[in-house]
């Protein structure tokens, strides 16, 4: 068109004016560490696998999940999910039900028969794993994926360790555990049962193992001295829970007292109820707030009729009754005796006061150090003995399945590096994506989905699983509650809110990049990024 | 997985993007359900290289609105622009940032010029749609007569007012859209009543409603989906339509350039800027406040209100502004059921 | 077709024949009958394909016209006096944007004091706005100039104002030859805009232009308007061929060939002046006149060619540029600038606010110009007694009140009539 | 050139009267120019309208100061201004009244005019009778045709019909016709008187 001079201009001609020169701060896309990932003892990339799940690609989600943890169906049931405690969504409404989605994915994988992809190449190295508990299984899995030949020697008759002998069936059905272990074995991992290793060096030499990972767990119950009469029945929690796996169920009587305040105490009390006890009373010397057991487990136990006696210690056990002393907390929160006593009826007393490790297999291993009843390990999980690594409950840490799985993975990587003559160094961690980094406005109100629970009446009589999985729609919903803290989820906000059209959209999965020719550095993209994936950095002049 | 023996958990309604309910786009939803602004094919009616200040709310609002209108009309539209920041920063010779047929005539006549364009289209039997746009000065003050005339004749024009609450182009002077107590160059923070007067107010959207025109709406740059929906809805209607968009001005309001959208959001959440729709003289919908805040939280972020918080305690006029918010909340029913 | 018709209605019919597509109307005396007339033609269906828009002000009227014109429509509007001032900003804008809007100006005085009667203050106030300004001597010319104005405006992409004396022409019933549609169609081709708002071919019209290009923009506007000096005679010739009568032109000399005194004037007063000249010629005086049709562009060379041999030039105009004198006299003076033996220029201000300009007064004026010349602008038929008294009173009393009201009071006293 | 000036009040059809007169002139192939005394034409305010008729183009735009004919539509105006000012010595005067020239103190003026150049017409009465509206303009034009002979009555009638199509035109035409006849009768009588004198 013939234009009037100066008054009429050709469309879009301002592209010649590069306003990027105005900028004093430049936006940059960053990755920040989501708090769930940071909190996960198993080192799962929770946000990563949730992002597949929220798109409905459950197999991809499961594969992403199992890059770090081979036991999602188990973990989805027994993990105490510190990820959810850390979850930023908790500050908006409620944490994302990560555990529930993991549960869903694990079950779906089993139902669909998804298998791990075997490694492309094999090494010629052999690794011994002692113990087929979560740490051992995890280490074996990761080592197998790295191409190493792995043999697990397990003292017991079945795999799972504490997952089998410590966690009641109503929390973890055994078919689930068996199926996930079988999938690990499918990678070529050999498990030898009833093979208690009593001399590590001998066993390694005998088998020609190049390295060993020890994860025998902590199966020896701690005892407390309690004056007791003759006919009294005092058992320990490990014994009770383990015997649940056998043919003969433990005889606990009508009134069962459990002594202790941890999750194991709850497990025992709930098991007792299921075995027909009319009363299951937990005696704990401190208050509910101080109790180490998880709140949700306590809630479930209370629902099932488990009773609690706070601020009490058992002073004497007699036939059919026990004597407890009332306690009071001092300023430091430590329980002090009051001198007041009370008698409770009890057919049996189960002690759930913690467990110790059986360290006998380590006798004579040079360089190995024991401290506070556990094996000292370095940051790479290696003990003082070269090539001997340890993890799980026998290493210093919190004793949970998830920690154990994390130990196994970490150790596997370190063993792999060791076998290649190097040292494993994990990559640098991103800065934490704390809640302040987010712009929570953009997230819709979406309360957490609660997994369906078994009716109370049936819980007291059966060992059916109490907490059931989500169905697909609820799992999808839950996955989509993830805020994607610290990592771009392609919401297009930066692309939309830039007043200067200086954000280039690269297409699905590709994210965005800045057009610094036009970006004036206003910072709107950074402040309106929901997940804190944009940082403003001063321009160098 | 459902089992009759299990307690029924009320199935939560599955939203497709809890993660990004209010974001511009989302990889999970169909293209058609995403905001126009999320599309790589958006028209960018107002393209790069314009000379708006960093974080300009008006630049943003204009692109949002015009892109949406262009989507709605299949790019068959013409825009008329009043004099003001938007005009100056987009079309300084020899460069224009517009990518649609665009005409600037004067400060106070955008509505009338648009009427003329629409008349020409009608007489020529063309379906081309017409938008007039301007700032609050060009709309609520100097352009008010033309605006009212356009409304009253029910001319086929969508008028969009980008309300940044003052004459920003000329260096931040007071307009009839400047809120009470706000400091501007002509209402300095001096004397016993610093800042703008507590007048009787002149909320042009309600005046537009009084014309019984087919459609009136308010919107902000903080709620893109709402804004786009309203523009697209407006373009589906013939006759006179009016949309007033709150567009914070970092320069005039005294706020960081990165706070533009946040301020628009807070202006709504405190109740100071009611977001509603009206059709044919009746208010038909109001956008509920999602996370209510006291007006103080909104004011304190802006230097134009700094004098209200100077001596360690709040000026009594903060309470007067809160009373205005409260009245808006009551009048427009801005609280949801659970908030009310 | 010959008709005895009111000037406004004749113009309305002519405008309709030009097939305007958008007409903006806002009432102001004495232009009202014109837009009423076209409005009627639109409502009755006689004028098809035309949007008639009743706007809320003159500012809106021209603004609507601007929008419609930029969008490619042939546009017409009309105004007068205060109305023109109220649309002033848009008047400049339409020219700056190069929009070929045609507007009738029913010439009327500007207040205060408010006055609805004829003079040229309104047209003169917009003389620098960049519009073509054509002045009609009678209603036939008013009709013809509108047709020419559309062609001229559209050819040059420039708005044109046809100035018609309020009441004197707009309200006069006289014989007018209204052309037929075929004639107008053959003279005035359909509007083919130079640039237009078009989604198929978008552009930004109305950019902000800084010091780096503003001079050039203004130069080009001036250059473009000077083009009209060539086009106006061309189109008028073409008009004469099509319609069989002469019309318009830049200017029209009357008995100037051997004239020693030449009167310069615009608009309807030229008719009266011609009668006076005939009378004076009959008395043997060598006098003639020039009717200026095109005030903008100002035909400097054509006017100089006519005036250069005269001894006296008397400019009679209906406007006073307060503090200087008559703008037409100034422009005429400019045309004579640098002539070696330039004629003496006598400036007369006449007919302000509707005061009748009589043959008698004009005859005396032309006589005095030669025999009793004055200095500066001469106010024809000024009531010197009233003015003298008012000046005297104003000197004595600080709070003298409104001059206009005092004059009315004096006149009422003088005529023994109750004031007001 | 024949110049007429019509005085009346807003609402009495003064301007229309002048226009109709110009149309009548135009119909006879002559040039005619009618124009009002330009003002805010409010009902009841004094209004003046002018009409020039000539055989050649009329260029003159000044108000008529020396009329060949004054038509006075409303004699109450006599008290307000000199409505007959400038009336040429050989001019005509038509007054709408039921009174006499003496009653209106016009005798002196009338006597200065040639005999038969001044007539009284009860035009309002005629209008009320035929048109049922106090609009004396058409009747006065009938009288004008009869008195001056400047235009044919037929032309006046056609002009009236052009301004008022249909029944209103017929009614006005009838009023004009009666006024025309009335004046012709008076004229004949006065000619007879003149002849006798």
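Read from first to last, the chains carry the letters A, B, C and D; within each, the first residue is number 1.
The criterion applied here is as follows: contacts are C-beta pairs under 8 Å (C-beta built on N, C-alpha and C of every residue); 3 or more make two chains touch, one makes a residue touch a chain.
Chain by chain, the UniProt names read as follows: A = NADPH-dependent glutamate synthase beta chain; B = Pyruvate ferredoxin oxidoreductase beta subunit; C = Pyruvate ferredoxin oxidoreductase alpha subunit; D = Pyruvate ferredoxin oxidoreductase gamma subunit.
This is a predicted model, so every value here is computed, not measured.
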Central subunit by CA centre of mass proxy: B
More contacts between chains, A-C or A-B: A-B
Chain located farthest away, centre of chain B as origin (C-alpha): D
Centroid spacing, where centroids are CA-atom means, of chain A and chain B in whole angstrom: 48
Separation of mean Cα positions, chain D and chain A [Å, integer]: 114
Between chain A and chain C, centroid-to-centroid distance (C-alpha), Å: 91
Where chain B and chain D are represented by their mean Cα positions, the distance between them in whole Å: 67
Overlap residues in chain C, where contacts from two or more other chains coincide: 97, 198, 201-207, 209, 213
Residues of chain D touching at least two other chains: none
Residue numbers of chain B (touch at least two other chains): 90-91, 93-94, 96, 98-100
Topology of the chain contact graph, where touching chains are joined (line, ring, star, complete, other): other
Full enumeration of touching chain pairs: A-B, A-C, B-C, C-D
Chain A - residues contacting chain C, complex: 1-11
In the complex, chain D residues that touch chain C: 18-19, 22-23, 25-27, 31-36, 38-40, 58-63, 65, 80
Residue numbers on chain B that touch chain C, as the complex places them: 75-78, 80-81, 87-88, 90-94, 96, 98-106, 108-109, 112-124, 128, 145-146, 148-149, 152-153
Contact set on chain A toward chain B in their complex: 6-7, 9-19, 22, 54-55, 441-444, 446-447, 449-455, 458, 468-471, 473-474, 476-477, 480-484, 489-493, 495-497, 499-502, 505, 507-508, 515, 517-518, 520-524, 526-528, 530, 536
Chain C to chain B touching residues, read off their complex: 21-22, 24, 49-51, 53-57, 59-61, 63-73, 75, 89-90, 93, 97, 197-199, 201-210, 212-213
